[in-house]
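Structure below; questions to follow.
Letters A, B and C mark the chains in the order given here, with residues in each chain numbered from 1 onward.
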Amino acid sequence: MATSITTARNAEALRRDERRERLLLFGLSLPALVMVLLVILVPVGWLFWLSLFNDEGVLSTYNYSRMLESKSYVRIFKTTFKVSFLTTLICVLIGYPLAYFLSQLSKRWVTIGLIAVLLPFWTSLLVRTYAWLVVLQRKGLVNEWGMEFGWWETPLRLVHNLNGTLIGMVHIMLPFLVLPLYGSMRSIDVDYLKAAANLGATPTKSFWFVFFPLSLPGLFAGITVVFVLCLGFFVTPAVLGGGKVIMVSMKIETLIDLFFNFGTASALGVVLLVLTLAVLFIAHKLLSLDRVLGSGGGA
Amino acid sequence: MNWLQRPASDTQITHGRRLWLYIIGVLILAFLIIPTLIVIPMSFSQSQYLEFPPRVWGVRWYENYFNSIEWMTATWVSIKAAFWTVLVTTPIATMAAYGLYVSNIRAARFIFVLLITPMMVPVVLIAIGVFFAYTRLSLNNTMVGLVLAHSVLALPMALIVISAGLRSYDMNQERVARSLGASRLKAFLVVTLPQIRFSVVTGALLAFIVSFDEVIVALFISGGDMSTITRSMFLALRDQIDPTIASISTVMILITTVVFLLAQVLGKSKNRES
Amino acid sequence: MGQENALPISIRGVTKTYGEVFALDDVDLDIHSGEFLTLLGPSGSGKTTLLMVLAGFTRPDSGSVSFGDQEVVRMPPHKRDVGMVFQNYALFPHMNVAANIGFPLKLRGIPKDEIRSQVENALTVVQLEGYGDRGVEQLSGGQMQRVALARAIVFKPRILLMDEPLSALDKKLRERMQIELRHLHEQLGMTTVYVTHDQREALTMSDRIAVINDGRLMQLDKPRAIYDHPANPFVANFIGESTLLPVEQHNGVATWDGVPLKLSERDHGVGPLLMLRPERLVFMPKGDDPHFNRFNGTVTEVVYQGESFLVYVRLSGGEEVAVRSVSQHRSLEAAPDIGDSIVLGLHRDETVLVSEA
């Protein structure tokens, strides 16, 4: 039949039309792709390549083995993990109550509360780090008032050490935990809590057995973000650590700035990147699982 | 019934029983806000050391700031770079968001994640990579190099915001426009764009903030006359605590707050959720 | 109905797959110029996909679509010159009513005064005179629907496509709009393709109905013909209520319970299934009537439903059928009780056989 020839012929043309249209639309994302490729992927790949050469320009894993052997590098990684872990922990301890508080507010107050969280979030971290420097130093606000009120006698050492670094980093990272957690809490259907109350649960039990598990996806998302950001963090420990808290990112900067040692710096950077991706990967596995468990168990 | 006895939720828990939560919440919020804001009054202290509250009020450190050629040049560099970053990032992010949203290719998801990578990779690694590349291309200490790097850093944020705006937009409107005779491009410009403009503007404003506040990459690739304000501040902080930084910080807080509030206001007039 | 303002539509071999699934499976369909044709089917049947193929938003894997003499399957949507009304109206919120309606005219380069008068005309046709200045958010659901309609017809398209336009309206309004749309169609005369899952709506409004399921055309005919003579069990069950009883064949004659069925001289359909519609069954008095087929059974349930009531009867073979009677005083009084033995009757002219598939 003539018509069947026509329809068969159309199939080819239609397929071509479809492909052309898709490519055209996909091509809209090309400028962005090119930019990311040129500025991120190529240089980082280049660095990775560089890290595989030792000082004489011979292909080797020298840079990486040095990291494992040298005590100072090991210590830097330990410090980085320690700071990241402690920061994340404190953020969770402070951030969960805050997120819970915000999630229970009425519409009017929530706006104010969220602005209170978002404003520091968008203020330059350099400015905030500086603020802590000023506030925590020996002649700073905290010591001034503490001594005036007689809480302590000699000025506390709150900066240029781990304490100052932690305080500053917690302050920077807190919104990163609170925002996804708040989002997760806000989306918990109040009907679940009503059902729990109706079935006889006290407010405390209702919280631990219903609300808390349902808030876990947001919590894990926040923890992941905070931990990953802490691993690569630079400005705050550099300013508030006073040289005593050395994180991987700071070492990288020193290696380039003072020694122009791209080999070692690249290797460090690559390790940092791999660690970051590993944490993200694990979190992705956990999160997907938890999302399924959370919704399956709670429903 | 006084306020404490009124129920705070449908499960009839009263405000009174929740008081401890309110107190903790307010305290933590104070922890977040106060350091950010405390710099402002401190910057108006006339003495050589920053005090709170300032014993003598004055604008000494502002004079220091505005009279210094280096500081003002750096400020101007940051503002220009942020401005250009917005001009570069916004259209590119909008095109990418729209193209990926509409094209329905399975690879679209993968590409989206790829475009988000600047946010995921540790910034210091990006910084030394770009520095390394720029050294070979003689792009260090240039506005072009700075804007290019900042645009890539700002892209993920703008892309996410604009994509979210597209998702909450009813694509049927564009289809209707096309059924009525408008080509895809025309339908996008006349019908879709006006309706996602709040997301686009928010994305633009966020791109501004990302560029303006950026420290680490600028630390490596901007220098001398092209040094950004953040780079200069960071270097000054590492050496000694110059109280001029307090006045610079206040100005930065002001700029950021204005941009941020703009984004909030524009965002709220379109959606109800922030 | 003028031929100048309508085009026939010819659909040939249209197939659309999504992975393994056939959304449309080799569909052939001819739509007459100026007719009101409804694509009727359950969700996922492919009816909306077919409409989208006509509009140009979905590109089929293969096949041909023609408007009149012109092959349009490869034509982009904005060149097809068809009017379209979506389920959620899709009015442009950043334009007022007049701007919405004038939009297609503006695209066609029509001068401003012309646009204004044509917009006014369109508003009059949908009975919304003077609403031009209103903002979209000030309109009720029914009004939004009319504006969407006005926008779709203002540029005098010769084909109108509608995707479940009334499903968002409440029942009373929907029924009123069905009649209005029908009048509008008669007034303007354009070929209209209407998609719905509501069989009542299809029966009310259409010149012909195309029943679609699983991407395939199940039956194409006038409403009464589809209702009286469904081509297969799916159509029989989807349109109206029915119970399908398998009947035995003895020497080419259909029998029930050993007794040959009395059939009409006119078309009674062919097939191994007997279709029983609740409103066509009656309660037989004693005695033998030559025009009625008889079915013995016991009453299991009586359900009052307002304007009518149902009597459920279990037949001798164990099958359950329902008999629907109008709730008039007399019939209510005469209604049987649960447990009664009863004889149901089906007039030979209403006895219809349905083929397997």
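Methods note: a residue touches a chain if its C-beta (ideal position, glycine included) is under 8 Å from a C-beta of that chain, and two chains touch if they have at least 3 such contacts.
Worth saying up front: this structure is predicted, and the values here are computed from it rather than measured.
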- [ ] Based on the touch definition given at the start, go ahead and assign the chain network to line, ring, star, complete or other.
- [x] complete
Open item on the list: With contacts counted as defined, which of the two, A-C or A-B, has more C-beta pairs across the interface?
Closed with: A-B
TODO: Report, in whole Å, the distance between the mean C-alpha point of chain A and the mean C-alpha point of chain C.
DONE: 55
- [ ] Would you kindly tell me how far, in whole Å, the mean C-alpha position of chain B lies from that of chain A?
- [x] 16
Task: Contact set on chain B toward chain C in their complex - done: 170, 172-173, 175-184, 186-187, 191, 194-195
- [ ] Mind listing the chain A positions that touch chain B in their complex?
- [x] 22, 25-29, 31-33, 35-36, 39-44, 46-47, 50, 94-95, 97-98, 100-102, 104, 111, 113-120, 122-135, 137, 139, 141, 171, 174-175, 190, 193-194, 197, 203, 206, 228, 231-232, 234-235, 238-239, 249, 252-253, 256, 262, 265-266, 269-270, 272-273, 276-277, 280
Open item on the list: Quick check on the complex: what are the chain B residues that touch chain A?
Closed with: 8-13, 17-18, 21-22, 24-25, 28-29, 31-33, 35-36, 38-39, 42, 49-50, 52, 92-93, 95-96, 98-100, 102-105, 107-108, 111, 114-115, 117-118, 120-133, 148-149, 151-152, 155, 159, 209, 212-213, 215-216, 219-220, 230, 233-234, 237-238, 241, 245-246, 249, 252-253, 256-257, 259-260, 264, 274
Task: Residues of chain A defined as touching chain C within the complex - done: 3-4, 6-8, 10-11, 13-15, 17-18, 21
Open item on the list: Help me check something: in the complex, which residues belonging to chain C touch chain A?
Closed with: 12-13, 59-64, 73-74
